[in-house]
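Heads up, the next two complexes both have subunit A, just with different partners, subunit B and then subunit C.
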Partner chain A sequence: MSKPKLGVFKFASCDGCQLSLLDCEDELLTVAGAVQIAFFPEASREYMEGPYDLTLVEGSITTPHDLEAIKEIRAQSKFLITIGACATAGGIQALRNWKDVTEFTRYVYAHPEYISTLETSTPVADHVAVDFELRGCPINKWQLIEVVNAFLHGRKPNIPSYSVCVECKRRGTACVMVAQGIPCLGPVTQAGCGALCPAYNRGCYGCFGPMESPNVLALGEWWRSMGVDDRALVNALRGFNAYAEPFREASDVYAQQA
Partner chain B sequence: MSTPSKPETRSISVDYLARVEGEGNLKVRVRDGQVEIVEFGIFEPPRFYEAFLRGRRFGDAPDITARICGICPIAYQMSSAHAMESIFGVKMDGALRELRRLIYCGEWIESHVLHAFMLHLPDFLGYQSAIHMAADHRDAVEKALRLKKVGNDIVTVLGGREIHPINVKVGGWYKVPTKKELEALVPNLEWALDAATWAVEFTGGLPFPEIEQDFEYVSVSHPDEYPFNEGRLVSNKGIDVPVSGWNDVFEEVHVARSNALQSKVRERGSYHCGPLARYSLNFEKLSPRVQQAASKAGLGPTCFNPFKSIVVRCLETLHSVEEALRLIDAYEAPARPDVPFEVKAGEGHGASEAPRGMLYHRYRLDEEGYILDAQICPPTAQSQMSIEDDLRRVLETSLDLPDDELQWRLEQTVRNYDPCISCATHFLKVEIDRG
Partner chain C sequence: MTPAQVLDREGLDRLIEALSARGHRVLGPTVRDGAIVYGDLAATSDLPVGWTDRQGPGKYRLVRRDDDALFGYVVGPQSPKTYLHPAEVVVWAGERTAHGFTMAPPPEPPRYAFVGVRPCELAAIGIQDRVFLGGERDAVYGSRREGIFLVAVNCTEPGGTCFCASMGTGPAATAGYDIVLTEVIDGKDHYFTAESGSERGAEVLREAGAVEAKKGQVKAAADLVEAATGRMGRTMETAGLADLLRQSLEHPHWQEVAKRCLTCANCTLVCPTCFCANVEDTTDLTGRQAQRVRRWDSCFNYEFSLIHGGPHRASAAARYRQWMTHKLAWWFDQFGTSGCVGCGRCITWCPVGIDITAEAAAIRSKQEVV
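Coming up: the complex of A and B.
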């Protein structure tokens, strides 16, 4: 039986999520042995035509060109997984969605007429059907291996959708909000990082995006009671997953009040 | 008079350059043996970092700008933190400063080994990728992966995770490690001393095209240390200014032919950042062990052959391993993880040495610490003219190669720079073919 063909594609992003694959130092050659790497420009100059059995997509959709490209990639892919906050929520570059992108272009580039860009940065799932979304900025490489492994064995990936709080409890980290008075997005953020920030005495800043059914406004009231002003609240919610619906909607509420 | 002949035109275009970070392309045209067009293009979509940083608070800069590059997030955290600290009058001293050097050692090791062995070496040995290469050179690839991991382990212990670590902040760290946590890294670092020495020998024995370029090398320079995150900006052609002088000596120009904003030395031209520049400007600050390894690999105190950057990356890996061991040995956990400061308005500058070259940040803040203005000059944008100079030179000296080999040689020429196109793109013009 021939090995499944793997394609790795990139849109607007930092490359960190596909780098996670190369950061699997101990597992890389094993993973590479289980699949046929058909398209992975960051790692190989050999490009094979589709269709691909498993496609990993990093990055958000921000240009007219990419809007067409993602449709073609979908058509060439049996199973398409988006990886990372850019692909699943639009990334930090989605901050343009609240601003005038023409002004942005003029601010950064001397000749804006050469720049072809969309008004918005949006997740891949806004444009094509996605079979699984792996969250994180960056993704957790063990979760990536789990997802690839689940695909290879035809089972559902075991990726929890509960909050970072669960991971803090499991890790034995005292709650930084309660014990140290540090504002934390952990109660509304999906687990996956291993509750890193609280373990380093800082509040979670939401890299893994909203958990399943979060109550963001209730957490916002806690932050306010700790003395956080609405401008800071808006900035906190408008981070790497700013355009994920629960964060977006709550940030709009506070932006109106700020 | 030459005999009139049919003009011969050779065009080579690489639509999607592989084994680099980000999306770039390459276009050259040669007519009658004359190089007409050399373009290193960028089609990475723009992300507008400088624009959306406005209105964010100073403390967001290290976390947000880290997302410009998944391979060198530490560089962005360092340059932005130092720029902010210069506004508040905070100076990193003692163990806090040493820890910043240590995490940078980790990033140099992981990034250099990734590039040298996984992305660049396949060019020298004629493989499409390191995974193809592993079929014939399994031991070398496995050793390199283990060495890369030693670097990532340093970043993980200090920063929480290898990509976009979470522990660096303006004023220091959120939490400092215990001596014991750092000492756990020592056995692997000791192994890495030998592995990095092997890497220098291995890459030093590769075949190199005989090309030397008259580079203007630019790097950060410190009186006592091989540069990481503190020092002046210097060059081998007379530049010697404080970091705040970046805009006095360099400018960003628009070259219509390539539709790219490129950095150049004012009234002079292209310059070159990265391992070759650091090495050639700071050789005397390397330890005897590294200097000896260099000489065994056939390198003098300067090197102007861009293809030999792979050897210098391995030398800098060896330097980073040695430096990490020294820093861990001398480490005593400080009483507090950060330096207190008061937020104030002002303009600040930071430059540090990303694995692929100097990274400059400038910010202007209001009195509450919100960002009014931001400027970020990544190494690949700064070296872009130099990359095109090399492409032209390689093209002129390799015209006898058949198209497929010439194309590969040109790709290798770009990869000599370990270009980071995601970094460069919020800054470079994106080439748009409107045809």
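Coming up: the complex of A and C.
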């Protein structure tokens, strides 16, 4: 049996998530041995035509060109996994969705007429069918290996969608919100980072997006009782996963009240 | 059982040394990241000397005391569960061979000694014993539980979310310990009355140089513990509670709680009796190595009740109801005891301060109106 063909594509993003694959170090050679790297410009100059057995897509859809390209990639892919907050939620660049993009282009570019862009930055799943979404800004390389591993062995990936709190408690971190009064998005954020920030006495920034059953307004009410104002709440929710529905809707509520 | 004895702080240092010399890994309360958590003890100076905690719903703060009490606080987010029922443990590991596979036995766990275990925590260990050892022996728990040494400390200053007196588990330890201490600070006099609850407890007290306590010392300690009963931060009305909850499955109050509940699972993870775990089988990329890992899980997690077609407890209301009714009602049917020891952790460490005593009271009061 020939090895599955791997394609890695990117849209609007920083490349950090696909670099997680190269960051796998010890496991990289095993991954490289298990798949045929058919299209991965960050890793190899060899470009092979599709179709691809496993396609990883990073980045959000922000241009008319992206809209066409993602459809072609989907058509060439048997199994398509989006990786990272840009691809799964629209990324930090989805902040444009609340603003006027043409106004931005006038400020930023000397010749805005050359810029062809969409009004919004949206996740890949808004445009084509996606087989699995791997969250995170950036993604966790162990989760990436798990997803690739699950694909290779034809099983369901073990990627939990519960809260970051579960990871804090498992690693023995005392809750930074309860013990230190630090506002934390952990209770409404999906696990996956290993509860990194609270382990260093920081509140969670929500990099892995909303957890499976987020009660954002209830957490927001508690933040308010801690003295956090609505403007700060909007800023906290409008991060890398700003356009993920639960964060978006709650941020709109606080934005109206701020 | 020996007559009440007494140790000073140096005696307690010798006690820790004696446990260590017996091959135990000695654990007890320590200060880390703004909270009191279990950590390794080499001497009493590793304890939270001169610290106390202020606890309320969703709030915990360490505060300096005006004395050098070694045990002048109550329970933190962890309990002996952290060690006896580890958050993550490899149950077995296997490797593919030419003719099948081999399995590696799990590594031998340390022999723990816990110093400063509270009466509610002893009660919780007793409950987990029923869960893990009552029927089929759970090897992970059993191998850690058997051979532990427990030095309990009676509570003289209950915390803001404590309600052990309601649950009948404290503030005095009555069983399940090798040694029980009561700390007394009376002016410049600072001592620990001590009683053994086992033969090896008596031996360790001898090794630590404990001497017979004076009558006044025994009385001073007993008075402090007795006074603590009336100073609990919370109360839980337990009379008829299990039946009440069994009859309240469609009570509108579950929806009220659900508006506040984050389904984040903190209450279950800090609970010293909650025991749920999931078991995950993994392989390496080559498919040659496999292992089975057990991790803490929670009835608040979506996958916990996921079956074909979806989870059968999809809503926050259903999940909170499951947790609370299990703890206070179904636990009796399953294990012959309450699942709640009144430690208050679920109240303090709920990020939004949901209070099991208040929710139980709300269900009771609205019932009476109906």
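Keep this in mind: the second predicted complex is superposed on the first by the 258 of 258 C-alpha atoms of A that agree within 3 Å, B and C clash if a C-alpha of one lies under 4 Å from a C-alpha of the other, contacts with A are read in each partner's own complex, and residues count from 1 in each chain.
Basically, contacts are C-beta pairs under 8 Å (C-beta built on N, C-alpha and C of every residue); 3 or more make two chains touch, one makes a residue touch a chain.
Values in this document were obtained by computation on a predicted structure and should not be read as measured data.
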Could you say whether A:30 touches subunit B, subunit C, both of them, or neither, answering first, second, both or neither?
second
Check whether subunit B or subunit C contacts more residues of subunit A in the superposed model.
B
Taking the superposition on A as described, I'd like to know which of subunit B and subunit C A:14 touches: first, second, both or neither.
first
Just checking: does A:222 make contact with subunit B only, subunit C only, both, or neither of them? Give me first, second, both or neither.
second
Per the contact definition in the header, classify A:46: touching subunit B only (first), subunit C only (second), both, or neither.
first
Contacts for A:253 in the overlay, against subunit B (first) and subunit C (second): which applies, first, second, both or neither?
neither
In the superposed arrangement, which partner chain does A:186 touch: subunit B (first), subunit C (second), both, or neither?
second
May I ask you to decide whether A:163 touches subunit B, subunit C, both, or neither, giving the answer as first, second, both or neither?
second
Tell me the contact category for A:201 with respect to subunit B and subunit C: first, second, both or neither.
both
If you lay the two complexes on top of each other, which residues of subunit A touch subunit B in one and subunit C in the other?
201
Which bits of subunit C are touching subunit A when the two form their complex?
32-35, 37, 58-62, 76-78, 82, 87-88, 259-266, 269-270, 280, 282-287, 295-296, 298, 300-303, 316, 348-349, 351-353
What residues on subunit A touch subunit B, complex-wise?
10-17, 19-20, 22-23, 25-26, 28-29, 32, 37, 40-47, 59, 62-63, 65-66, 91-93, 95-96, 99, 101, 103-105, 107-111, 114-117, 121, 137-138, 193, 196-197, 199-202, 205, 207, 232, 235, 240
Touching subunit C in the complex, subunit A uses residues 27, 30-31, 34, 145-146, 148-149, 152-153, 158, 160-163, 165-166, 169-181, 184, 186-188, 201, 211-215, 218-219, 221-222
Enumerate the contact residues on subunit B facing subunit A in the complex.
16-23, 43-52, 54-57, 60, 63-64, 67-71, 73, 110, 114, 118-119, 122, 128-132, 134, 138, 141-142, 145-146, 148-149, 152, 160-164, 166-167, 169, 174-175, 252, 254, 259, 261, 337, 411, 422, 426-427, 429-432
